[in-house]
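Everything below concerns the one structure shown next.
Every chain is named by a letter (A, B, C, D, E and F) in the order it is written, and numbering of its residues begins at 1.
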Amino acid sequence: MVDENEIVWLVKKDAVADMIKNGKRSDGRKAYEYRPIEIITDYVKRAEGSAYIKLGNTQILVGVKMDVGQPYSDSPNMGTLITNAELVPLASPVFQPGPPNENAIELARVVDRGIRESKMIDFEKLCITEGEEVWNVLIDIHVLDFDGNLIDAATLAAVKALWTAKMPRYEDGKVIYEDKKDSLPVSKKPVACTFARFGNVSILDPSLEEEKSMDGKITITTTDDGKICAVQKSGITKISVPELENLIDVALEKGNEIRKTYLG
Amino acid sequence: MVDENEIVWLVKKDAVADMIKNGKRSDGRKAYEYRPIEIITDYVKRAEGSAYIKLGNTQILVGVKMDVGQPYSDSPNMGTLITNAELVPLASPVFQPGPPNENAIELARVVDRGIRESKMIDFEKLCITEGEEVWNVLIDIHVLDFDGNLIDAATLAAVKALWTAKMPRYEDGKVIYEDKKDSLPVSKKPVACTFARFGNVSILDPSLEEEKSMDGKITITTTDDGKICAVQKSGITKISVPELENLIDVALEKGNEIRKTYLG
Amino acid sequence: MVDENEIVWLVKKDAVADMIKNGKRSDGRKAYEYRPIEIITDYVKRAEGSAYIKLGNTQILVGVKMDVGQPYSDSPNMGTLITNAELVPLASPVFQPGPPNENAIELARVVDRGIRESKMIDFEKLCITEGEEVWNVLIDIHVLDFDGNLIDAATLAAVKALWTAKMPRYEDGKVIYEDKKDSLPVSKKPVACTFARFGNVSILDPSLEEEKSMDGKITITTTDDGKICAVQKSGITKISVPELENLIDVALEKGNEIRKTYLG
Amino acid sequence: MGMKKEGLKLFENGKRIDGRAYDELRPIKMEVGVLKRADGSCYLEWGGNKVLAAVYGPRECLPRHTQDPLKARINYRYNMAPFSTDERVRPGPSRRSIEISKLSKEALEHVIFTEYFPKTSIDIFVEILQADAGTRCAGLTAASLALADAGIPMKSLITACAAGKIDGKVVLDLGKLEDNFGEADLPIAYMPRTKELVYLQMDGDLTKDEFKEALRLALKGCDEIYRIQRDALKKAYEGEVNGR
Amino acid sequence: MGMKKEGLKLFENGKRIDGRAYDELRPIKMEVGVLKRADGSCYLEWGGNKVLAAVYGPRECLPRHTQDPLKARINYRYNMAPFSTDERVRPGPSRRSIEISKLSKEALEHVIFTEYFPKTSIDIFVEILQADAGTRCAGLTAASLALADAGIPMKSLITACAAGKIDGKVVLDLGKLEDNFGEADLPIAYMPRTKELVYLQMDGDLTKDEFKEALRLALKGCDEIYRIQRDALKKAYEGEVNGR
Amino acid sequence: MGMKKEGLKLFENGKRIDGRAYDELRPIKMEVGVLKRADGSCYLEWGGNKVLAAVYGPRECLPRHTQDPLKARINYRYNMAPFSTDERVRPGPSRRSIEISKLSKEALEHVIFTEYFPKTSIDIFVEILQADAGTRCAGLTAASLALADAGIPMKSLITACAAGKIDGKVVLDLGKLEDNFGEADLPIAYMPRTKELVYLQMDGDLTKDEFKEALRLALKGCDEIYRIQRDALKKAYEGEVNGR
């Protein structure tokens, strides 16, 4: 049944989209402008690293935990990385309890890919004994308040948490969480830029209202050395090659700005 | 929809509650009187220990199994205890197949807490090799016929099963279940007393009919030396401090009676 | 609600059953006649062994994978066998995604029993180090197009895949899948014959149309040496002892034919 | 089937390892009406097996979309208690218990007049409290009595029993050791009047003649068990008549 | 309870290991209205605990067959963030979190006027972001404020606090080390006006007198925390009035 | 991406490890209408990939509460057969397969006229029977043909192909070794007429110029594959006309 609310919503959705196609955003931002960003590191003491981020009204807490386990058989001298995202129902009326759905999985995988493919973590330095014991790095993305663009916020918080994390000591087969000192072997600072698509128009950092009206979105993750390390199109949208190339330019430029301001 | 059955039930529920508030129970018992209890030990030969209990029309079979595994890293020289309860659909028209729901989990945890916190099991004596191999004690509560007050019945049967259990032999990394001899390292005899609450009135050992009409209940588990080792309030009830202190006195007294009669 | 389609279906079902009770099959086959069979082995290169089978319009792909693991404690010098069936929703409008339901589990278990009880695999030869490392044989039944009689088709393909499989090398605690040479230690060729039951009439190799109209079915698995190694009655049917003995004769005879033609 | 036994003799001097003759059942006893909450119930001991069966229904089949407008839906849940065997059984359905439940349900569906109770479910729960060999037959035999105790109309009672092969000899009603080290097992269930089979499985290694002999023995076992079933019902009925 | 501590002194010279007196709470602060999406929310710090509570509802209870025609359904989900403890917590409900959620839900159900909102659900989510000891009390205290912030009508606020025993001494509000090596823990929640208990658990080893003393201390703790709750609500209300 | 290769040369003397030129596809063949039960189907071989796609629908979308009153619901299930890779794949969805299914579904939802079939579902199932590299592109290409075979009206076919980087060189259509040890992978799908992208992922390490070159190559690959798709449909259509 198409109920009244749904019709109201379809009208509103079209209005938001029309405005954006005319170059306007309801909060007055420019097409390629981020909402205000606030980051607090070491938010959670039990984690090896953590960062709370507020991007507009989106709030996320990312924690980095480490433990020791076996390496994968095809990379016996490398530590491992697992990234997990929980869209806990505290953060939005539409999030449900239960195991991660396809949206949570996609979020975790896009963040993971940006970090992994940027090669910001030197996994060889996380090997303890080749073929036997390596450090596992576990990134948990805990969304607290959902107001759009989780990927960019979670990537930024995760990179910040990795840069500020301290490794626990490992002694006699036990991880000593009470004694953390060394930094993680990290270099590079990948930054994800997500563009919402309305027809052929793209805007950076969509708010929840914009996400509800958009056709889809494209995330481009870049690194300090001007390279692209991950791209993801999501939702029911198409893009032409010239427009994609344009967004890459924007992502490279905005990535540098974010790096300078928040990961400096 | 409020159907007719439900209205009939609400009326009946109020009638039961009113009667109890007037000091009467439909089966003629006094406020602090248990239904008849019957216990058969060694009911199941494959278990290391077992006890069948009939409390009024509630029937439960508790089995104790043992195997060998790794200790927890924070208690390397101690055996472990796991208590599990299955509310199998054979026992009641309202029990559903599937993993334990919150009621089954609460039952298992309250029974477990009574046993664990009474320190009736000397877990250090269940260590085989420190940090490597210890005995695991697994208590399974299998409810057969549900007529109220599972916690008291299950606790009593579990304690009885632990006291009558015989440990299998452990040889060359294998548990020899065919050869059981030694008793478990047990002392103490914790007894749980559960009081149903109707407004500010409390009655001991509620039957199913009473449980369906009560606001909630309070379980107090005591040990031989006159101590309290576990308390749990459950359901939508409140209690004042003086009434709680009164129930503790009753639980201590009734606990001693039960111990003398059934765990002597 | 009994909808119109259902009534149409009930009429059709009765018509199919009546015809078969009168000794006729809609595709013109005799009571004990198989549909055409086509087998392609080594269909999937990544599997150690594989066979694609087409039985009428039923299409199944069976793959055999091997890896190394611990033996069961009660047979420390024997390899292991696991048989799994996935009724993937690609194969039929009524198959649902999700873990195997009772039909998929029964299919896997009947195929497994035929192979296991025929003793066609010499599990002792799959032992690498007694009590520590043995080969696991994993048979996966992947149904691609469901037109009836999965058990016979899957058993035949599984036996063919086992006979044509090549074992990978095992070196320094690693399975080298790039290097496969030796055959599996197999002898015997179990063949399953499934009879659909319509009242007291039995027909071999039911098509989907026939399965939808039948009361139930009986599978008899026989081996080269004229022995019976597995029997399974399934569905809501009964059978008299003389009729069962008759079906055993047919299964022994048809089993030999299939062995000669397809497992020669 | 199929474990190596290394020197263990299962059949020697005409006797089995527990002293039984080749065609002798283990001791069996049954009692109906043992549970208060269930609509029908039966407790059964059979050798070392201890089995409890309960029936609920006919009752409204929920969730509604699982209702059959033309007949009752039969559910059967065979479950082993965690402490019923030497190695603790993990709670929850296993592949084995799912298969046994399916086949047992189908056997009972054949005899229950399901068309009398459209849109309802009849739920049968079988708990194996202690397991020797032959639990599926014990469960089905008990379930059949629990259905009778619940007053569910049936064409016939169902009686189940197995025969098997040990040391090359076909025998009735395998015990636990015999089952572990035996060469074949043939569990069946029949309808006593017509002797038609409604449950049938076999695994192992039997010639055609051995199969026939095993069938014959299993049917003979069923005959004896059917008598015990009738006695249990009679006893319960008399109890009822006498106002117990 | 019950870990061996080997020489560690938890109570010495009238002081606890973190310097507190026996009847002293850890530092506590609370703030309501911290989340945009939720209908009500509260952030609470209590010693090393960091807790966020959110309330959604009353809203349509789905799926429909879970609706109660006479009152609102209360759901409570206590959840530990994976990075909230030294050993990473596996996401998803544990037996412990299911029990805590059940008892907390029942405590709140006692004070919410559920009959005002038939067929709806009121969903309470508590995330433990960083865990010290006492998270169930911290969660329930925060949830109570989040309900107030959401404007859900209640008979009373709820305030929760625990007392316990260390080195044979009854003390207020156990910290993490005290909880690991202590001898008893008694978490309660009360309704401030009547001082009646709506949440009550205990584990450990207490004589009757110790139990009474622990209750007395826990109630005293609740009194203090209730003041902090009222201040947090007042602050939020003033903010609102002043157009924040 | 990202495994260490230690001395292995992937690109030498203008040739790749399997002898292909930098801009050369692996051999591809397709056939539609290969399954009897499905409404549409396609079998595709692409290098060492063997892929089967089936389409069911439009059919009633169940359970009902998942129906969309304004359009068809598209479901896409990418699944790897357990024996499709060297290490057996555990049955059931993985995080990887859930992501691929989501993105593939969205690509197809862009071209299917979903508004023609409100309240229905169109279910697309892709089974990877043997996996080389590039299974997501192979699956999507096959699924597009299966939809055409099922007669589902679409704005456009979809054609998918990937480009990547090995030994610093941008090349078309990575094989398995190239994928394991390569430096980047860029799978795309386009609509042939407009050359707009409806599927787009990338991982690895590309400069902007390399990215443009990879896009150019992938589009060229799509052009070739689109021809093969059309031929497969033509062949099926002719077969049908000729009464096959």
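A few comments on the model shown:
As a working rule, a contact is a pair of C-beta atoms (placed from the backbone, for glycine too) under 8 Å apart; a residue touches a chain by one contact, two chains touch by 3 or more.
Just so it is clear, the structure is predicted and the values come from calculations on it, not from any experiment.
If you take chain A and chain B together, the chains in touch with both are E.
The fewest steps needed to get from chain D to chain E, moving only between touching chains, is 2. Each step here moves to a touching chain, and the least such steps from chain B to chain F number 3. Most remote chain with respect to chain D, judged by CA-atom centres, is A. When chain centres are defined as mean Cα coordinates, B lies farthest from chain F.
With each centre defined as the average position of its C-alpha atoms, the distance from chain C to chain F rounds to 32 Å. Between the Cα centres of chain E and chain F there is a gap of 52 Å. We define each chain's centre as the mean of its Cα atoms; on that basis chain B and chain C are separated by 48 Å. Centres computed as Cα averages put chain B at a distance of 26 Å from chain E.
Chain-to-chain contact here is organised cyclically: the chains close a single ring, every chain touching exactly two others. Around the ring, the chains sit in the order A, E, B, D, C, F, counting from chain A and moving first to chain E.
By the touch criterion stated above, chain F contacts chain A in their complex at residues 1-4, 69-70, 95-96, 98-99, 101-103, 106, 109-110, 186, 191, 194-208, 211-212, 215, 219. On the chain F side of its complex with chain C, the touching residues are 35-38, 48, 50, 52-54, 56, 59, 77, 79, 81-88, 91-92, 123, 125-127, 129-131. Within the complex formed with chain E, the residues of chain A that make contact are 43-47, 50, 57, 59, 61, 63-65, 67, 84, 86, 88-93, 97, 99-100, 138, 140, 142, 144-147, 177. Within the complex, the chain A residues that touch chain F are 1-2, 74-75, 100, 102, 105-106, 108-109, 113, 116-117, 119, 216, 218, 226-241, 244-245, 248-249, 252.
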